[in-house]
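Shown next, in structure tokens, is the structure this report addresses.
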């Protein structure tokens, strides 16, 4: 019974680390600033119609339409769990190819994969890599699945504070 | 059954029900993206070998390509009608 | 220790070949985060390290394969817009 | 007694709900989204019995099928629009 509580605590801490990592990298590389492809523009306008923020809607649309730092974080933690540090490098190569197929420059995906590899290799004695996999799923659930209106308002506030958008 | 798999499975089940019951076409794509994250994590936790990791990466990137094409078509057809 | 030498060989080879192919040191068009150009600093070392990791897991530790991994990384980075198409 | 796994359970639910959704929805784009849901469940069922190579091939072929269906739908829409304009411009020939 005690192990379950400890593992849930580890999962929540790993989820918080993943959330901070991918939101900061995606915002720095200009996802809320403009829609990269035509489909992201449509999703941003639909999110604005239900009362959300336009720039937060562009952020969510860009995540759907091309693999960005969120995909880099999830796949790099998967390959760290299965292969070790070398898996992070293979992930960076494959995510770059996928980004170029979706007509995206590909800065956010590769740099997100490399930073989560560094963080996992630093924290390996305390939190095992398989907790990062479940934590990333919880982190993406709070943005894409729970409540679109409040999530887009929060993302718009972060983008305004980091001087991207508006 | 591990506790991690149970948590990811609960999230995936909730996403499946919300895709089925949602009215708007654009917001179905957001839920579909979250479901794709969940299945990719479950594949890696089920097959514990490097080949399972390669399968998860290839599955996730091609799923993103598919939803990109659907979103592009929704924008185009709105312009036509 | 030997693994570190292999990665260093592929890194240095990719940078030297990319400099011989007359690629710019950093992207010319501003702002950098929206430009599609490839340069010496951004995608070339990452591609070389990734190809080297795949080769080392498939075939084994050879220093010739590290050299070829750097060469392939530089060529893929140079001709990427001809392979994937202009945006 | 076999241990209950999570991945076949989720994939089965995805397959059943996707199949029901393809029948019940009426808009063509909604039908295509539900078909994507059914394909997700199918790939999960293939992986859960360890056929990894077939899973890679079928997940590469999935967006190609979706793109061909979407091209057919856009061609259908433009054909309907052109036929209406043609009939309005030359009303004599439409009889």
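The first chain written gets the first letter, and so on, giving A, B, C and D; residue counts start at 1 in each chain.
By our rule, a residue touches a chain if its C-beta (ideal position, glycine included) is under 8 Å from a C-beta of that chain, and two chains touch if they have at least 3 such contacts.
What you see is a predicted model; the values in this text were computed from it and never measured.
**Q** Hey, how far is the Cα centre of chain A from the one of chain D, in Å?
**A** Centre separation, chain A to chain D: 27 Å.
**Q** Rounded to a whole Å, what is the gap between the Cα centroids of chain B and chain D?
**A** Going by mean C-alpha positions, chain B sits 14 Å from chain D.
**Q** Go ahead and note the Å separation of the Cα centroids belonging to chain C and chain D.
**A** The mean C-alpha positions of chain C and chain D differ by 38 Å.
**Q** Indicate the residues of chain B shared as contacts by at least two other chains.
**A** Correct list: 8, 29, 38, 50, 52, 65, 67, 70, 74, 76.
**Q** Using the touch definition from the top, which residues of chain A touch two or more other chains?
**A** As it turns out, chain A has residues touching two or more other chains at 83, 87, 94, 101.
**Q** Spell out, as numbers or ranges, the residues of chain D touching 2 or more other chains.
**A** none
**Q** In graph terms, nodes being chains and edges touches, is this line, ring, star, complete or other?
**A** line
**Q** If we use the touch criterion from the header, which chain pairs count as touching?
**A** Listed in label order, the chain pairs in contact are A-B, A-C, B-D.
**Q** Of all residues in chain A, which touch chain B in the complex?
**A** By the definition above, chain A touches chain B via 4, 7-8, 11, 37-43, 46, 60-61, 63-67, 70-71, 74-75, 78-79, 81-83, 87, 91, 94-95, 97-98, 101-102, 130-131, 133-134, 136-138, 140-141, 144-145, 148.
**Q** For the complex, which residues does chain A have touching chain C?
**A** Checking each residue of chain A against chain C gives 29-30, 34, 83, 86-87, 89-90, 92-94, 96, 100-101, 103, 105-107, 110, 114.
**Q** Which of the residues in chain D come into contact with chain B in the complex?
**A** Counting only chain D, the residues touching chain B are 3-7, 9-11, 13-14, 17, 20-21, 27, 29-30, 32-33, 36-37, 40, 43-44, 47-48, 50, 52, 55-56, 59-60, 62-63, 66-67, 70, 73-74, 77-78, 81.
**Q** Okay, in this complex, where on chain B does chain D touch?
**A** Residues 1, 5-6, 8-9, 12-13, 16-17, 19-20, 25, 28-29, 32, 35-36, 38-39, 42-43, 46-47, 51-52, 54-55, 58-59, 62-63, 65-67, 69-70, 73-74, 76-77, 80-81.
**Q** Looking at the complex, which residues from chain B come into contact with chain A?
**A** 3-4, 7-8, 11, 14-15, 18, 24, 26-27, 29-31, 33-34, 37-38, 40-41, 44-45, 48-50, 52-53, 56-57, 60-61, 64-65, 67-68, 70-72, 74-76, 78
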